[in-house]
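The structure under discussion appears below in the form of structure tokens.
For reference, chains read A, B and C in written order, and residue numbers begin at 1 within each chain.
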Amino acid sequence: MPNFMISLEVKSLAKSFGFRKVFEGINFSLGEKESLVITGKNGSGKSTLLKILAGLLRPSKGEVNINLDSQIKNRGERRKLISFASPDLSLYDELTALENLEFLAKVQGLDFKPDELNKKLDEAGLKGRGEDQVLSYSSGMKQRLKYLFALLNEPKILLLDEPGNNLDEPGLFLLDNIIAEQKKRGILVLATNDKREIKYGDKILNLDQQGFSFIS
Amino acid sequence: MGTKSSTWTSRVSALFLKDFKSELRTRYSLNALVMFAVITLTVVSFSIGMFSLSSKIKSSLFWIVIFFSAMSGLAQVFIKEEEAKTSTLLKLVASPESIFAGKLLYNLVLLLFLEIVIVPLFVIMLGFSILNFWLFLCVLVLGSLGLVCATTIIAAIVAKASVKGALFAVLSFPILLPLLVTVISGTNLASEGASFSQGLRDLQILFSYAVVMFVASFLLFDFVWEE
Amino acid sequence: MWWKILIGLLITVVVISVFLMPPPQKELGDISRIFFFHVPVAWVTVLAFLVAMINSVLYLSKKNPVYDIQAAVSSQVGFLFAILATVSGAIFAKNAWGSYWNWDPREISVFILLLIYGAYLALRSAIEMEDRKANLSAVYSILAFITVPFLVFVVPRVFQSLHPTDSIINSQIKIQMPPLVLLVFLSSLLGFSLLFVWIYNLEIKVTILHKKIKESSTIK
């Protein structure tokens, strides 16, 4: 199967909630193997921008174009290519980690055998905890499980919101690996306040300048 | 790497089973539904005592209990996703259509389960006699189908409101009115032993209501679900 | 401006004629004069509902906030008229048939519209985010409208009708009214419809102005 190049293009993106303008005039484009770090104060709209890229929110103005050989407009197709991890996202507490992963895989049309999933859990440092309810997980473990979920569909575009948030030592190590892998596979967009994470991006978008943004 | 093989049905069933499993563990809706129904039934039965009621009144009471129980338990299916912040998860992995279908199916099963519990209790506690059982069953199933087709999308609407309170009941009642009127009439006919052909008119209305509400909800759901 | 004066004159003339002319229905007497107010007001309630639904559909397809404002305003005015229709209907019922509420299909229909408007407005007040408010209430408005055909078929079957259908409007919608009554009735209908349009437009302008003020005061 031919391996097409993925690209993400953002044109004149703006978002307001009622009268409150979060940002406007955002433009950038990313090609395969490129990564972008979005920085800015809390409330500057980093999470909002990421959510728009993920397809969770509609922009007030502008567009987000995703191309894989040709432009992909179908939401279902986009969903297959994108993954998102954020502190705002929760998995099902009352289900076990395995049940969560099985459900999330099946609903996306992915087929994994239980040992494959267990192997993934091991790699994420959650060995033997697959049959435990997510309720019993520490926040570091939950974050690692979230990454596991995000990577199930081997996304061409990975969006991470404050990835270092809640992470323990093993988690940070895992994150490093994930980011390295993603840079080889496709596009990475990361939103963060943590200066240490800025190194992950080839380009930086700072949302603090009201309305303006620069890419360095 | 997992192979991508699935049909729409397997996705919808995955969603349904997830909700089912979740409910078995937490029993949020189930408890509310059953407890509410049983308590209301007991209150009604006590207050009536030895008094004999017409089948028309008993049919109405039956559906009043079902309606209010549904109002207490059927909105959870969306509210719990919003409150647990798992709705983001769903948006990332499933299409709005499959989510709607999965939730609708779940609510239907929940409601039918409730009715399996309530019908015998009603017959015993209120001396409700059902002379034409098959007609009663058809009315019950079609009526329940109509009820969930109309209220699932309303539940999704209520889940997004900041102040929920009695909103679900307030929004559902006007929409369910034609259904309630018809289903009470049909139940009454079945109770009195009317023939199937006499009940046909009611069944037709119930069926068309369910179809119309399903199609309308299905088309409108996107606007409720997507931000 | 001039047409507002004309509306005012029209309604004034209607009101005067209603009280000066002989009562439209001899058997019922003076109370039947309420017909000239009750029916047009009930008609406006239905009209407002239709307008709200159309605006809701337009909003969902075009996403222009003006349509949302129009839908909301139409519902608010419709709500007011629904209350007037229900109350005037109840007054008539008390005088003509002895009790305020009679389970008559038309009374029920207007009351249901009242409930729908109330639910719509309750929904709007339960949501703070503007986008959500607009989307969700538009969906509800359309959903409610869809149930109306069912109401029309279902409700009359179940309840007997006490509405004086034969003396004034018989079931084939052939209006068997003496010419004077017909004239006053149609003028009243026109007058109230125009009144609705006037209030509707005015309220929309006020709401838009309100929003503009809010908008300019929150710009940093």
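The definition used in the following text is that a contact is a pair of C-beta atoms (placed from the backbone, for glycine too) under 8 Å apart; a residue touches a chain by one contact, two chains touch by 3 or more.
Nothing here was measured: the structure is a model prediction, and the numbers come from that model.
**Student:** Given which chains touch which, is the overall layout a line, a ring, a star, complete, or other?
**Tutor:** If you draw each chain as a dot and join those that touch, every dot ends up joined to every other.
**Student:** Measuring centre to centre, with centres taken as mean CA positions, what chain is farthest from chain B?
**Tutor:** The most remote chain is A.
**Student:** Between chain pairs A-B and A-C, which one is joined by a greater number of C-beta pairs in contact?
**Tutor:** So, comparing the two chain pairs, more contacts are at A-B.
**Student:** By C-alpha centroids, what is the most central chain here?
**Tutor:** Looking at where each chain's C-alpha mean falls, the closest to the middle is B.
**Student:** Please tell me the distance, in whole Å, between the geometric centres of chain B and chain C computed from their C-alpha atoms.
**Tutor:** Here the centre of chain C sits 32 Å away from the centre of chain B.
**Student:** How far is the middle of chain A from the middle of chain B, if each middle is the mean of its Cα atoms, in Å?
**Tutor:** Spacing between the chain centres: roughly 37 Å.
**Student:** Measuring from the mean C-alpha position of chain A to the mean C-alpha position of chain C, what distance in angstrom results?
**Tutor:** Chain centroid spacing, chain A to chain C, equals 50 Å.
**Student:** What are the residues of chain C that contact at least two other chains?
**Tutor:** Residues 131 of chain C each touch two or more of the other chains.
**Student:** At least two partner chains per residue is the criterion; list those residues in chain B.
**Tutor:** 227
**Student:** Return the residues of chain A touching two or more other chains; collapse runs of consecutive numbers into ranges.
**Tutor:** In chain A, no residue touches at least two other chains, as defined above.
**Student:** Can you list the residues on chain C that touch chain B in the complex?
**Tutor:** Against chain B, chain C makes touches at 60, 112, 115-116, 118-119, 122-123, 125-128, 131-132, 135-136, 138-140, 142-144, 146-147, 150-151, 153-155, 157-158.
**Student:** Within the complex, which stretch of chain B touches chain A?
**Tutor:** Going by the criterion above, the answer is residues 1-6, 10-11, 14-15, 17-18, 21-22, 25-26, 84-86, 88-89, 91-95, 98, 226-227.
**Student:** Contact residues on chain A for chain B in the complex?
**Tutor:** The contact residues of chain A facing chain B are 54-58, 75-76, 79, 82-84, 86, 88-95, 99, 103-112, 116, 133, 149, 152, 154.
**Student:** Where on chain A does chain C make contact in their complex?
**Tutor:** Spelled out, the residues of chain A in touch with chain C are 17-21, 210.
**Student:** For the complex, which residues does chain C have touching chain A?
**Tutor:** 129-131, 214-215, 218-220
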